[in-house]
Structure formats: C-alpha cells, structure tokens
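Order as written gives the chain letters A, B and C; numbering starts at 1 within each chain.
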Amino acid sequence: MKTPLLAGSDADADADADADATESLPQRLGNPVIGIIGSGDFSRSLAIRLVASGFSVVVGSRNPKRIPKGLFPDGVELRSQREAVDSAERVIFAAIYPEHYSTLVGLRDGLAGKVLVDVSNATRLDDGELSNAEQLAELFPQSRVVKGFNVISAWALQTGAHDGSRQVLICSDCSDSKATVVQLTRRLGFSPVDLGGLVASRDIEKAPLHLFPSWEGATLVTFLLFLFFYGYNVVKHVLLPYLAHGEHNFYQLPLETVNQTLPAVALILLGLVYLPGLVAAVLQLARGTKYKRFPSWLDRWMCRRKELGLMSFLCAGVHAVYSISLNFISPTNINLTSFMNQNLTKQNVWRSDLYLSCGILGLGVLTLLALTSLPSVGNALNWREFTFMQSGLGYAALTLSIMHTLFFGWDFAFFPEAYRYYLPPVYLLALILPCVVLVGRVLLALPCLALRLAKIRRGWESSHNQPNQQRQQLLANQM
Amino acid sequence: MKTPLLAGSDADADADADADATESLPQRLGNPVIGIIGSGDFSRSLAIRLVASGFSVVVGSRNPKRIPKGLFPDGVELRSQREAVDSAERVIFAAIYPEHYSTLVGLRDGLAGKVLVDVSNATRLDDGELSNAEQLAELFPQSRVVKGFNVISAWALQTGAHDGSRQVLICSDCSDSKATVVQLTRRLGFSPVDLGGLVASRDIEKAPLHLFPSWEGATLVTFLLFLFFYGYNVVKHVLLPYLAHGEHNFYQLPLETVNQTLPAVALILLGLVYLPGLVAAVLQLARGTKYKRFPSWLDRWMCRRKELGLMSFLCAGVHAVYSISLNFISPTNINLTSFMNQNLTKQNVWRSDLYLSCGILGLGVLTLLALTSLPSVGNALNWREFTFMQSGLGYAALTLSIMHTLFFGWDFAFFPEAYRYYLPPVYLLALILPCVVLVGRVLLALPCLALRLAKIRRGWESSHNQPNQQRQQLLANQM
Amino acid sequence: MKTPLLAGSDADADADADADATESLPQRLGNPVIGIIGSGDFSRSLAIRLVASGFSVVVGSRNPKRIPKGLFPDGVELRSQREAVDSAERVIFAAIYPEHYSTLVGLRDGLAGKVLVDVSNATRLDDGELSNAEQLAELFPQSRVVKGFNVISAWALQTGAHDGSRQVLICSDCSDSKATVVQLTRRLGFSPVDLGGLVASRDIEKAPLHLFPSWEGATLVTFLLFLFFYGYNVVKHVLLPYLAHGEHNFYQLPLETVNQTLPAVALILLGLVYLPGLVAAVLQLARGTKYKRFPSWLDRWMCRRKELGLMSFLCAGVHAVYSISLNFISPTNINLTSFMNQNLTKQNVWRSDLYLSCGILGLGVLTLLALTSLPSVGNALNWREFTFMQSGLGYAALTLSIMHTLFFGWDFAFFPEAYRYYLPPVYLLALILPCVVLVGRVLLALPCLALRLAKIRRGWESSHNQPNQQRQQLLANQM
C-alpha cells in the first residue's frame, strides 16, 4: 500500500516515477516513461500529445518493424508489446479495440501493479453487461484499471486543447492510480473530472455516443409547432383560397408561409420557457411548502428551458432574415409591411414604426440572452447577473415580442377579411400562451403572493404541513 | 524526500482521508465521506454533485424522517446533524442560513479539528462587520473554517460545470484545510481560485451580489450620449419644424430619430475607447518617464475600454438593423439614403456605394473585435494577436466608421438646409472626437515621438527625472 | 497535527515553503513569500496578482526608495534586490530584460537552490541560439530555472483570468521545481501546461510573437480567390463593356462587383474544406491500408479546414449583408434580384423564393458550424456531436449553397447575354469544384466503397499490403 500511495501521492508530476527517471536517466528531465499498447490512430495521437508535454513514450506493437518511419514523432520508441509494458514505469494505455483485450493476457505479469488505462468507447447504447473497462479489470486483476480519455478525439489529442477546459472523464476503483491519471490528464492540458468508481465507466464509455441528448425535447416541440402552424397557414392562405376562388398562392409556400409560421413558433417557444417557472411557483404556493418534490415532468421541463429559449431565438432570427429578404421581391410580397406601403397613413406609419422597433429590440434582447448561454460567457456571470439576464431580460424579450405582434396585427385583427373562412389569423393564436404567462407573472408579483412565496422559499411551511408548531422553527433554517 | 512526498500525496484526492477510506471501507473506492448540515435546496444540489463525483455523502437534518423519499439521490445517507458530523471524515458543509449558525453550537465537539465549509452569501453590500465565515470561525474555534462554493448556483451544482473553467473562490486561514477544499472543488469539475486568508471571505460573500459592476461606467456614458443626441435630433428635426412651420414629423421619433442618434453614439464611444491610450502616451512623453503613476481616473478609464467598445458595437449593430428596416417603409423614409434614391446621379451613387461599403466593413471589423472579447476566444490569443486585434483592427474600425460618416454626410454638409435653425447636423458633432483621436494617433506615430515613447516604455527616463546620470542605467533594466 | 499540515500544505503550494511560513510567521496564513526582481510593469502586475491570491510578495529593486508610493499594492515589501532574494522562501521571478540578466550575477549565492522563474519573451523569431531561460540557467547553475508566464500579459495578470482556462506554458529541467511553479500558476487562477524540459523554452519564448500562424494558408487562399474572381468580374462587367460599347459601369466596383465575387469565393472555400477528406479516403481505398502516411501537404491541408470554413462563412456573411444593402439604392441596382423585380413572372418568383430560401438556410447552417468553432462551445461537444456538426451539417451547407447558386443562375445560364464576350458567368466557374466534391462524397457513400473504407479504417489491410495472411489478424486490432 505504501509505495502506490507515495506514487499516487505527488502533487502534479508523479514523483516516484520522476525520482526514478531523474536518477536513472537524467536526460529524461524527470518525466516518467509512459507505455501505449497498440499503434493505431489513437495511439499515434496520444503519443504526439504525451511527447509534446515532455513525456517519454514507448509504443508497443505486434510487429514494430513495419510501422512506417515518421508515423510516430521523435521521442517515441517503437517496441514489442512486452518491451513496452516492461519499460513503462507506471502508466500504460491500452489503445486497442476491446474485442482484442483477450490477446493481452500474455502480458499479465508485466502489467501487474501498474496503472492500465482503458480508452475505449461503447459501441452500443444498451445497458446491462459490463463496460469494457470492467472487463479489462477482470482480465487483469493485479493491474489497476483506470477509465479515461475516451471522450477526447484523436484530433483533440494531436492539436492539444487550446484552453484548459476540455474535460476528460475519469474513474477507477483505485484512488491513487486515479490520482496519477488525473495529474497526467492535467499535464496534457485537459481538465480531468473524477466520476468515482469503475462502475461509472459504463456511462463514460457511452458518453461519446450521445447526440445532443438535451436537445431532443426542444427540437421535437419546435418541429411540431412549426408543422401545425405551417399547415394552418397553408390551409388558410393557399389551399382554401385556391379551392374557393381558384387563387394561385402556391408561390407563397417557400417564403411567405414560412415567414408567417416562424414568428408564431418563436413566440410560443418563448412562452414555454417561462411557463414551468410559474407552474413551480403556483405549486409551491398551493402546497405551502418547498419540501415536496415537483412532478418529474416539471423537473425535466425546467432542465430544458435553455434549449427551448435557443430554439425560440433561432426561429426569431430566421424570421428577421426572411422578413428582410422578402423585400427583395416586393411585387409578390404580400406580407403586411409592404401592404402598408401601398396605402400608408400617418397612423399606421406610427404602428409600423412601433412594431418594427419592438421587433428589433426584442430580437436584440434575445441575442443577449443567447450570448449568456455560451459556456465561456455564462461562466463569467455570478448568480445575480445570471438571474437578471434570464428572468429580467427574458421577460423583457417576451413583453417586446408580444407588443411586436400586437402592433403588427393591431387593426388587421379587426378587418373581417382577417377571419376569412372563419379561421383567426395565426398571430392571434400565437399570442394566447405568451399572454397567459405574462399575466401569470404579473399576478405572482402581487405583494400578497410574492411575500408568501419568498417565505416558502426561505423554508417556511404553512401550518397544514406541520404536525406541531415547533417543526416550523426546526425547518426554517434549512438553506 | 519523504515528507514532501507525503505532503505532495495530498495533491488530487486528500490523501489521509483516502487512506482511511481505502483501509476502513474499501468498497468506498477511496472516496472520503463528506458531511452536509442542512437539507435545503443547496444541500440537495451539493449532494447530487458530490455523489456524481464518487463521494459518499451524509446529510444531517433536524429530523431526517420527514425528508420525502427521492429528494436526495441514492448514495446519500440522511441522518441527524450529530450523526452526519460524526460520520464525516474530514469535510463538512454548513448549508444553513447564517442566522442559524448559532443553532449548531451543540455540535462543537464533533466539528473540532474538521474542515467546516461556509457556503453562505452576504445579504447586503455594506461593509464593516465580520463576514458569515468569520462569524462561523468565531463560533467554532477548533474547526478549520473554509469559505467557498457560494459563487456556484444550486443549478450549476446539479448539472455540473460543462467545461472545467467555472471558478470557485476559496479562502481560509488554515492552508491545509484550504488545500483539501481546493482539491475537492477540482474533483467536482470546477476551477478553484485561492484568495488567501479568511478575511477575503468578506469580498467572496459579496461577489454574487454585484450586478455587472464593470459595466456601470460604460452604460452610463452610453445612456447620456444617447439622451443628448436624441434630444438634439428631436429639437432639430421634430420640435423646431413643428413650432416654426407646423411640420408633423412626430412619427419619426420611434425609428428615424433613434437611427440618426445611434451612429453618433457608436462613433463617439469608439473614440472614447482609444482616447485614454493616447492620453497615457502623451502623459508619459510629457513626464519623460513611465515610473510615475497615472491619475486614477485614467486607470479606471483604461480598465473600461472593453465595455465601451462593446457598447459602441451594440449601437452600431442596432443602427445597421434599423437602417435596413427603415427601407421597409420607404414612403415615409426620410433618411438620406432614400432621399438619394429620388434624385440619383452617378456621382452620388459612387458616394452611397462607398459609404455603404465603409459602413459594412467597419461593422464587420467591430464584430471581429467583439468576438475576441469572448473569454474562450480571447484566451486563445497571444499578446501579439491581441494587440493586433485591439489596436490594429480597432483603429481600422475607427477609420472606416469615420469614412462611413464622411461619405454619408459629404455634400449634405454643404447644403444650407443641413444647418436649419443654425444647428449643425448630428454627424458633424459626432465626428469631432473620433477625428481628434485619429489625428492624435497619427501624430504619435511620427518617428520622433514614437521612438522616444518606445525608449520610455523600455525604462529610459529623461534627465530631468534623474538626480544622477548613472541612475538611468540602474533603472533601464526594469522590465 | 504535523502530518496533516504538511500533507495539506503541499497540495497547492510547495510544502516546505508553507511549513516555514506557517511556523515562522503564522499571520501569513501558510502562504510562502514570493520574490520578484525588478520593479517594472510586469513586476507590478505580477505582484498585484500574487497578493490577490494570498501570497506575500517581496519586490527587489536597485533603489527601492524612489519607487512612488502606491505603485505596488499593500502586502508588497519593496526591498533591495539582495534582500528580496534572501527573504524569498523558494520562488523568485526574474522580471527584468534578458539583456540585463548578467547584472544579477552578484546574487548567485542567494539564488542558489531556489526556483528562478524566467518570464521573458523572445525578441526575434529566428532560431539557433539559446533561449533566454537557457542563458539564465547557464548564469545560475545552482538555481533551478523554470520558464513560464511569458505568455500572460501584464494586463491579464492584473485583472486575473476570469475563467480558469487561460493557459500558461511551463518548462524546466527540474521536475519538482516545475511542479512548484505549476501549482503556483494554478493558484493564480491560470491553467498550467507542462511542456517538458527547458529546451522547450525556445518555443515558449517565441509563442507570443506568432500572429495567427494557423491562418496564413486560409487567408492567402481566400485573398487569391478573391483577386481572381474580382478581376474576372471587372474585365467582364466593367472593362470590356466600356471598351466595346463605352458603357460606364465603374460605379459598380465598390458594391456590385464585390458582391458578385464574394459568393464565388465562399462557395469554393467551402468546397476546399471537404475536398481533403475525400482525397484522404480515396488514398486509403487505393492503398488498401491506413498504415501508410498521407503526404505532408494533405496533412497540413487537413489541419486548416477549420480556418478555410470560417473564411467561407465570413465571405458568405458579408455577401448577405451586401445583397441586402444593395436594395437601398435599387435604381442603380443591377444585380439579378431587382432585375427580376422588373419583369416578374410567377415562374421566377418561385425561382427567386427558392434561391433566397436556400441562401438563408445555407448561411444559417454555416452559422451553426461557425459557432462550434468557438472553443467553449466545441469543448462541450462529444465526438459524435462534433462529427454530426462538421460532416453532416457541413455537407448540408454545401448542398444548400450549391442549390442557392443553381436556382440563382438557372435560366440566366441559358441567356446568350450571360456569355457576353465568351466569358461564362462567375457562378458557373464557382460551381465546378463544389459539385465535384459533392459527387465524390455521394460516390464514397456507395455501399461497396463505404464498407471497404470502414474495414480499412478499422485496421484491415488489402492482401497486396501483406506478406503473410496472419499479419492481417495481427494488425486488425490496432485502435
């Protein structure tokens, strides 16, 4: 136990390895020899990175002879797998496909007591069986298997992380071996994250397989909303006019119809960002306590607000570009702006000026919000700034978008022609949810409710949650 | 060699804790048991994060019985506060409101010798009295109080930092306890920053309360400039025409007037970004030395250039969008572009082409500049690149904006009508400062001045600063 | 008490120093005394940062007397160079110009055994002679010279890194001294990167001198392409018409001609992003193995795809802005959009709608791609997500851009006037390369080729590469 502890122990460059190194071969600048089994792409990239960070690397291949010259950088020794394992002082990477782990059993003695790093990925997302790292650990009981580096691409390894914030997920059942790899990771310029025991490798190996998991919900909602409103517009502005009066509006499909659909989608998505917060508040008020969990659907919804917001921003942005582009081909431009251009009165100049201003400002605020969702920007914000951006600016954007829509549809909402075929215009439908959210927010801002909510969130509980009075005191101090 | 090694051993997983852990309960994967007092939101989020990083967590509540199932993740034991304190091996978080710290005095013995982490925030920005952490330290003299994690939101804790660059400010009077918490922070995937002794907790606790402190100045300046020019435009283009000839231009207020104001503000702000640099250079030239401090207002101004620049970029961007939008409603569009459209000659096509090109390129360059102000982009730049962007591209943007304005206002500047009511057009006023800056920059680029300045910045001093000649030699080598 | 203190103490700041510190002067909170030789700007900024991180700092100046009050923050002692060296416990920064290192020889004894940090930059990029750090190491053989901090600007030191991802390149021949500086760096809130032995200092010192080295290629290609197509347009639309029929189209030079050139450049650049990938695939298919190196020009090209892509995005973006701006001055607007406006038929409304949609969507996709090139965004992506963005979305953008161009030039391609002076229109020339790339990609997607390629990339080799069959088995398992 002692040596390994000492080994794992040192601060930021594994010391005993250093010690040996500096004693045995001073020219090595106190950097330990790292072993890599396998001579494929990942092995090559890893070797490049290790050498660049001042390590000596020994790559073990089945037949080192036929590896072409210059495939590996200088400072890398190409040896047989056994030689590589033996000359590696402490850490050995297994850079071969998991299905070939069994071919290494011959090296068991050489690997005993050393840190064996599994860098493989899962091939499927299904659960149940052991992870590659766990299988490796079963094959080599005397080695200390550490999982890591699978989330880093060969590309990132070669070029090196250009800021120190590229994360490497690491886990192992041997904490000092893990510490060694953690330090190694940091020396390579990455940011190690310790995920605990080797069992975590099951998730770590699957990490590279996920495709924007957090975006599924938001994308689906956006898609469905778009589908609905696009269909609605097609029916109202293209299909029915054609069937009823043989009007040929089909040319509107690619631009006009899309551009009438996008703002509706953006507006509703923005409403959906702030709805869950209201629901949560109402729930807490109704229950009179914050010590009951929210239903899981609400939790999930809360966790997806960022994605919903960005989707709303996307739609709003594209809407802006479309609106501008539509002016290129004014003759066919049936959107209301140019409609105004034909019969323009000071009154609806006012209107159009106002709705343009609201639209521009609303989009501007949304842009600022979207900026804070960049990790590097968000990281620089403190609580209050983040709340100010998300809640304060968020509701400002919502209000501006609603005003934009109101000013836009103002008097047109009173033209009978707007209700052609008894179908209300899209922007009216799109306004319902956001307005509900806005009104709800205003109501929650009423002192009576706001104060009670604040109390609840500080830990206070309404009596009907409390068997005895003194319980309240007991819980009031939970942060 | 031994002690430092042991010492070093603590580096990335507090070793002694690990040691105990691995010996006493191997199944724990060498992760120490962390204690949390309090079962509120922060406690819950912290527990989730700790478990996710492979720690065992014991949460101490006044009455663990009534915490609803599933509120805390598996791997978290809910116990009484005393049990939690006792079973925690080294680190205990105090996740209750500071006003209730006194309720913990009963646990004093249990907490003795252990690391007690204060995660609370200040409630007010006023100074003077002790920080929460200092009060906690007074209550528990035998415990080692460490301040930290208050800058991390419960939200960030639950989701985990997605890159390793989220900073956690930490301070303590006990350096080894601090080191322990620093390592813990890093294992949770955050980036700890050691701010020294516990007295620093006064600032750390206030950190989350600040609202964009560095932006106050720039925002105020922008607001005042906008106010002034907007007022000026209203008087010149709306009020006076109405009073004098009863012209009704009020409909211009929301768009046209704003759009005449924004470019002026943007231009002057851009000038203000580069003015302090000139002032500093002139000061150094006049003093003949760089070893005298700048007046504090100049220092402060220098520190706010980035914010001023971004504000200028914001105004320029909105100006661009407004200009485009104004074309939607051309009939009422009185801005000069469309004015040109009516009586267009090849000559002022040239003009308009040029001023549009300058405007577009200027905005493009400003966009590149704004990009480098993103932390993740700026971090990837080295000195020379940063200087090239800020100084080189910056002055390019300034020059292009000035040309944009000049081409725009060229012949209009010579129409008497431009000076209606004896008020010069806004763009002339807006040009003064930027032109001064540009001329100043050019003058400073003259060899005679440039060389002298370079010498001064390398440490040389003009004789009148020097009692004796050999002093110069003495100081010439200060970097 | 001793062990834990030692233990903890080493974690993030060299232990022995801590030990002394805490024993000799407890008020120092276990933070070691850091020495700085030199009292210039860098020295001042460094001192500010060190004090902010809780260190005690002693600055050594030739004559501390005449340093103005308040130039250095409180907590910094101004002493003679000798006193500074003596009172520094372990780490001393040499913040003077390299040409004055020789003036320090008098301090040799005081510096013996201590860590001497060289923060200087190279003045020229030429290679050959020793680096400043190496020269310093020769001057002070008993000191342990560590290179570092030269990549950090005085400015970044003063303000402190706002996220933990600002990298500091460090190297030294003494690994434990290096470890000390590495820990120090981290405590200052930066992200240290160990580049190995002191010889690496030659590169480190030159790092700040490079000006976007990775951009040279892409910028040059873009510039040449722009030059060629601009010239081509000038000849075709301005020069020849003038010479042949005396048409005066010179006013087109600043906007129209640029705007006809940009999309061609953007399109070809986008093609150049995906061409090398195809070439590589074809090479592997032809060779029947992945164990032969690519020619170096292909490697370099592969490494520059990101820059080429961003350049293409830049051109496309400016093209969009120009196209919009051109509508300001429609009377002179000869670009085809407004040309359509004159004689508009339902048929080419369709066309224009489609080509606008494709253009907008294409630019939108390019924007998403550009976003992922932000370090902080890219860091958050895993393999599969990155591949999806780069390859999937990338080809989507390419396809959309090609369609945009096709729809744009559709029937015009069949007007004889388009081939005036026997010169084909630019967009036809620009389409060739991208179409080739797209077709190539489609061919490689054919099962026969795709499967073989997949096999090769998994390590399989075609027989003609293999002396004996069993070799294949041997190599098949290289990752």
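What we mean here is this: a residue touches a chain if its C-beta (ideal position, glycine included) is under 8 Å from a C-beta of that chain, and two chains touch if they have at least 3 such contacts.
Quantities reported herein were computed from a predicted structural model and do not represent experimental measurements.
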Quick one: remove subunit B in your head and tell me the pieces the remaining chains form. one piece
Same or different interface residues for subunit A and subunit B, judged by whether over half of the residue numbers are used by both? different
What whole-number Å value describes the gap between the mean CA coordinates of subunit A and subunit B? 23
Taking each residue of subunit B in turn, which ones touch at least two of the other chains? 6-11, 15, 162-167, 191, 324, 327, 374-377, 379-380
Sort out for me which residues of subunit A touch subunit C in the complex. 10-13, 15, 18, 21-22, 29-31, 38-43, 52-55, 61-63, 66-68, 70-71, 95-97, 99-100, 103, 119-121, 151, 153, 159-167, 187, 189, 191, 207-212, 248, 251, 253-255, 258, 318, 321-322, 324-325, 327-332, 374-377, 379-380
Within the complex, which stretch of subunit B touches subunit C? 3-4, 6-11, 14-16, 162-167, 171-180, 182-183, 191, 193-197, 200, 290-293, 303, 323-324, 327, 337-338, 340-341, 344, 346, 349-350, 352-354, 356-357, 360, 364, 374-377, 379-380, 382-386, 388, 458-459, 471, 474-479
